[in-house]
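These are the structures, in structure tokens.
Each of the next two complexes has chain A plus one other chain: chain B in the first, chain C in the second.
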Partner chain A sequence: MSASLQKGLSVLMEVIDAPVASFFSSCVHCGLCAEACLFYTETGDPKYTPIYKLEPLRRVYQQEYTLTGRLAKMLGLSKPVTDQELEIWQPLVYDSCTLCGRCSMACPVGNDIVYMVRRLREGMAVAGHAPDGLVDASRRSLETGSPMGVRLPALMAQIKHVQADTGIEIPLDVTGAEYMVLMSSMEIINFPEYLGAVSKIMKQAGKSWTLCSEAFEATNSGVQIGVSDIAKVLVGRIVDGAEKLRVKTVISPECGHAYTALRWDGPNLIGRPYTFDVLHILEVLDIFRLEGLLKTSGFEDAQLTFHDPCQLVRRGGVLDQPRNLLKMVASNYVETRDSGKMNWCCGGGGGVSTIDEAEALRFAAFRVKKAQLEETGAKTLVTACANCRIVLEEALEHYQMKIDVIGLTELLAQHID
Partner chain B sequence: MTAHESLGERLIQQGISRRAFLKFCTAMASMMALPPGSAMAIADALSKTLRPSVIWLSFQECTACTESLTRSYSPTLESLIFEMISLDYHHTLQAAAGFSAEKSREDAMHNAYGKYLLVVDGAIPIKDGGIYSTIAGRTNLDLLQEVAKGAAAIIAVGTCASFGGIPNAKPNPTGAVAVSDIIKDKAIVNISGCPPIPAVITGVLAHYLTFGELPELDDLGRPKSFYGETIHDRCYRRPFYDQGKFAKTFDDEGARNGWCLFELGCKGPTTHNACATTKWNGGTSFPIESGHGCLGCSEPNFWDAGSFYSALSMPAGALKLGTAAAVAGVAVGAAVSVANRAKKQAAQSAHRTATIADLKE
Partner chain C sequence: MNEVLLLTWVRSTGLSIATGIFVLGTLWRLIEIYTLGRKPDLSVPRHRAAASGLHTLFRRSLPAPGMFIRASASYLAGYVFHTGLFIVVLLFAPHIMLMQSLTALSWQGLPSQFIDATAVLTLAAMLLVLVDRINNPVKRFLSTFEDYAAWALTFLPLLTGYLASRHLLLSYTTMLALHISSVELLLIFLPFTKLMHAFTLWISRWYNGDINGHKGVPS
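Coming up: the complex of A and B.
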């Protein structure tokens, strides 16, 4: 089997559903989504208008599923979608869309534009027009269990280091634990402090938890590249692990799209409800706070600000939790302009951070984030997504801005005795 | 009257209390939909301002515009208009006649060239060189062009000056046109209406004196604050329209119950004016309240827009084609839907699980 235009078009016909049809037929062509997209605002190039990125999907919808479109097609009056065209569209559908969902919020008729981008990617991928970086990440995910090729021995090594640092044992494969904790490869390789922080917090809260040796990776390249069949395999591994260990709640790590994949897409992908709950680590921590199980001491006095990961705040509704938690440990917390629901993306979500060709555009798009940060004057930036964190750190380095980036869970753990 | 007194001084001389003056300013602010604080700004500006020289030219008109302003219930806030301005030429109102009347106009023009306000009521005939209406031997056209040259702004009072009005109605034997058809290089405010509401004239002057500029205008050059909504939008009979309760004759039960006059030809839905809110004769009532539909007098060509008594539009009869069209529509919709479902199902059944190998050519 190999990719082909025919397969791509067939998949597009398959993924056009009632929401997509109603979105296309209710679009009023106002162009307000352009101003919502950081790739448009920072480049001024109208091709980055979100609804325009969907042009191939719109044409398939129009030609295959509308009366006038069908008639026009029959009479040979419509322009079929070509392979060349999809190739031209690849940078619009992948490089310049982080699936951040800001356009969906801006649309005055309520069209979920990002929902449609996700569907267009289904067709683009099997037509052979997904970026190499994302294809490779997906391959590694399927073959090794992690988009970065992190296997169990690597995790075991990090567990050993973290245990040595904190003196707290990290449980593995404990059947019947209340919480199953997932990691993202990024955390295992770059930010193992997260694991230490979780173990400190769980110990203080007196909760039983475990890692799962067969399902520790939370990220899902399938969702990013837009191939549900792959996303389903990856989510299935977590579901199998969680059900085998009979845990009550699976905790999504500080990773935006992992949370979306697991919490919102997952049950639809596997076609049934889970037997366990899924919460983001910040939701769990906020519950601990409310129950008095999270006790911190001391405050960060330096000014700090928070970057809302798109998948958490906009697509996931985790808005108040990080603020409640920050107030426990930060005396000088400031919001950026447009923070919360309309926060600007770091520029690297939705798989964009894995696309090498997109790097220059990603740095250009970061200017809006740069301006947001400069306005606050904060020297510390807290976030809750390892992908955001690495993208932010790279871009801050690129623009030579002296701002430290730290995960919120880690920050909280620093204030636990 | 001299132009060198401020309005504040003038009011004191006339024995008008500060309280009455503030009431006037508040009413003006609210009528023009200005923020509440601006009443004081108006009061402040008006009491300090030097009364501007105003030249009032009357052409093809019936004097109702002047009557509207001067005969409004007395004492009214509108009467203050004459305290706000120095009316230096108005041939209906002035005592002078003949050469001395024309001299007062020339003096006023000379003394305040570039600063005076020009008020015009009446249309201007331009056919045959404009000979159909002359004053002191000069055509209206000639006079308007001369006086407009030195005006800071022009206020066209009434529908004739604003849009041509009744003189302009078919067959328009004198070739009557509006001020804006002749003067193209000056700011013109159209205060249309046959006659216009006195408070609207006052309001525009108060706005000009307070802010030094004309108010925001609509596409027909009328101040939006007064002409922004239709009579229908603000009509107290609107609920009956919404319920479909219409008077069918002027003496049926519906008419006696005060139902909507739409079917009797009321032009309220297409007429922009403030009658329904400011009302007439000291707030007593307005035409619809007196039982007659709106004639649409503040709109262009109102005289030629068909009978005052035929409805703007009437619902089509029973939906004769409706049922057939609906059935056909449903059938086409159902057919497309069935075809779409089949197509989508075919695509779904053709689905082969995608693997990494499927992502590369």
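Coming up: the complex of A and C.
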């Protein structure tokens, strides 16, 4: 057995807790999780059944933590998890799982399958069976602070452009500001209009806010690849920045997994609660709406629809805010089939969009989203995650669908005078 | 061993052994699973009505939105055979008398004609479940020997119980002995197979609801 495999198996033993044991003990092989997974429904290949993706973890559980499994192991009757097997499982655990959590909502016995996939990735990564795309993104995050290698000078350049466009100053490193705004590299490079939208909204609301030169990147590839040590370092940078500037609230940008990594995983990664609050930008905007600080004028008359980012709605709990906000500016808003907490994933979450080898499968899985969108007839698709947005745009281009994609924050800012 | 001796043995020694293995095995499995514990969640919870372990414990008895249409046969056959088993096991007068002799607890049963009809319906639903397991590509792919064994361990007590109560195929004494034997086999294997879900699913649902309810997601 290789040293890396030994370490990976040790990690798998460590991450097995009572919920994992309870979930494996409850599975009756009903296969309903497959019907909830876009990689199965759009390919018809049973190997994409979510519970099957967990087979290496199940075997470690059975062989190490059950009486019958230990007996079988002692008698040499059990099949050990091998490097070859983990290599075969890599596309199942990474390429074909966006951690979207639909399976966890559908399982009749209550298994939170994504909870277990996240744990299996811990062992897979340590054993050296994570995809190159995610390994590279994690390395760049540690070295440069960004999975895309975006450094402070790139942000400064975008700040200058946005300031020139809006005429509003973008505050940087302001101690004691109420809000610290984070961004994703995707927004800095591809969608800088998000920053302009935030500055416009904050100005109207009369709130103090700042960017932090030492912690402006919100995304966390450590969570996606499944290496808690990396995830902890990346969250730690944000915590250090927020505590140094003594801000009251850190705002997670329009990025689903950045939100769950910071809001829900972060305190557990650093081992203590934060000294500040964490809100997604849509939560902040909805609070402004309730307080009368967000005033919009005019409506979008064209039919538009909303894509709920999985990490925001299903894994994050931000359910009502986007709809409250959309009603302020859209007169012809339509829901897609299965919208809200059962929405179908864009196909690129959980790090899948960084895996080159997964591209063809991602486009195949997009067919369910394509059908959802076609049913509405909408020509504008609003979302609240920059990663969803780029994945949606790529897939819409692939299928030659003429639908515009826009971020909700940006849409709202367009209706501020 | 003649049929009377066999019936006497399965009703006394056999039942004691099976019950002992069932009780100790189930306790062992529950301890084995739940003493693994879990770390406390240090993130600040988001409170939302209808998002909690308790809500999910009940809610998971219904299909998630959009799921019924995708797997109607699985849901319908599942409901029929689980409900049927519940009725036949707990509301058949001879079963209630057995419970009373063991626990001193008693309750009102249902007429035997109704129990007979329920048993037939449950047997049919279980056969449908088996056919579906063989025909459905996902279920066939996932299925191991244990899945088919668990099906047989559940089906046999129902079948032999029905045949005994209707005095079919074999003598009543022999069929009753086979019925009790099959129940004992079920009891012996339940803690060590997927049949253990009868106990763990409630806690799994609660975990799911608690983990997601912490984030304000009604799961």
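A few points about this structure:
Everything below uses one rule, namely that the second predicted complex is superposed on the first by the 414 of 417 C-alpha atoms of A that agree within 3 Å, B and C clash if a C-alpha of one lies under 4 Å from a C-alpha of the other, contacts with A are read in each partner's own complex, and residues count from 1 in each chain.
What we mean here is this: a contact is a pair of C-beta atoms (placed from the backbone, for glycine too) under 8 Å apart; a residue touches a chain by one contact, two chains touch by 3 or more.
Here the structure is a predicted model, which means the values were calculated and not measured.
Once both complexes are superposed on chain A, the partners chain B and chain C clash. Of the two partner chains placed by superposition, A:Ala360 touches none, neither chain B nor chain C. Of the two partner chains, both chain B and chain C are touched by A:Ile16.
Contacts of A:Tyr65 after superposition on the shared chain: both chain B and chain C are touched. Judged by the touch definition given at the top, the superposed model places A:Tyr40 against chain C, while chain B stays out of reach. By the touch criterion defined above, A:Ala3 lies against chain B but remains apart from chain C after alignment on the C-alpha atoms of chain A. Contacts of A:Gly316 after superposition: chain C is touched, whereas chain B is not reached. When chain A is checked against chain B and against chain C, the one touching more of its residues turns out to be C. Looking at the shared chain after the overlay, A:Ala164 reaches neither chain B nor chain C. Of the two partner chains placed by the overlay, neither chain B nor chain C lies in contact with A:Leu75. In the superposition on chain A, A:Asp338 makes contact with chain C only, not with chain B.
Common to the chain B and chain C interfaces on chain A are residues 16, 65-67. Only residues 332, 336, 339-340, 343-344, 347-348, 350-361 of chain B touch chain A when the two sit together in their complex. Touching chain A in their complex are the following residues of chain C: 28-29, 32-39, 41-44, 46, 48, 51, 56-57, 60-61, 63-67, 70-71, 74, 78, 136-144, 147, 192, 194, 196-197, 200-201, 203-209, 211-212, 214-219. Residues 1-4, 7, 10-11, 13-14, 16, 64-67, 70, 125-126, 128, 130, 135, 138-139, 142, 225, 227, 229-230 of chain A touch chain B in their complex. Put simply, chain A touches chain C in their complex at residues 16-23, 25-32, 34-36, 40-41, 44, 46-47, 49, 51-52, 65-68, 104-112, 115, 263-268, 271-274, 277, 313-317, 319, 337-338, 341-342.
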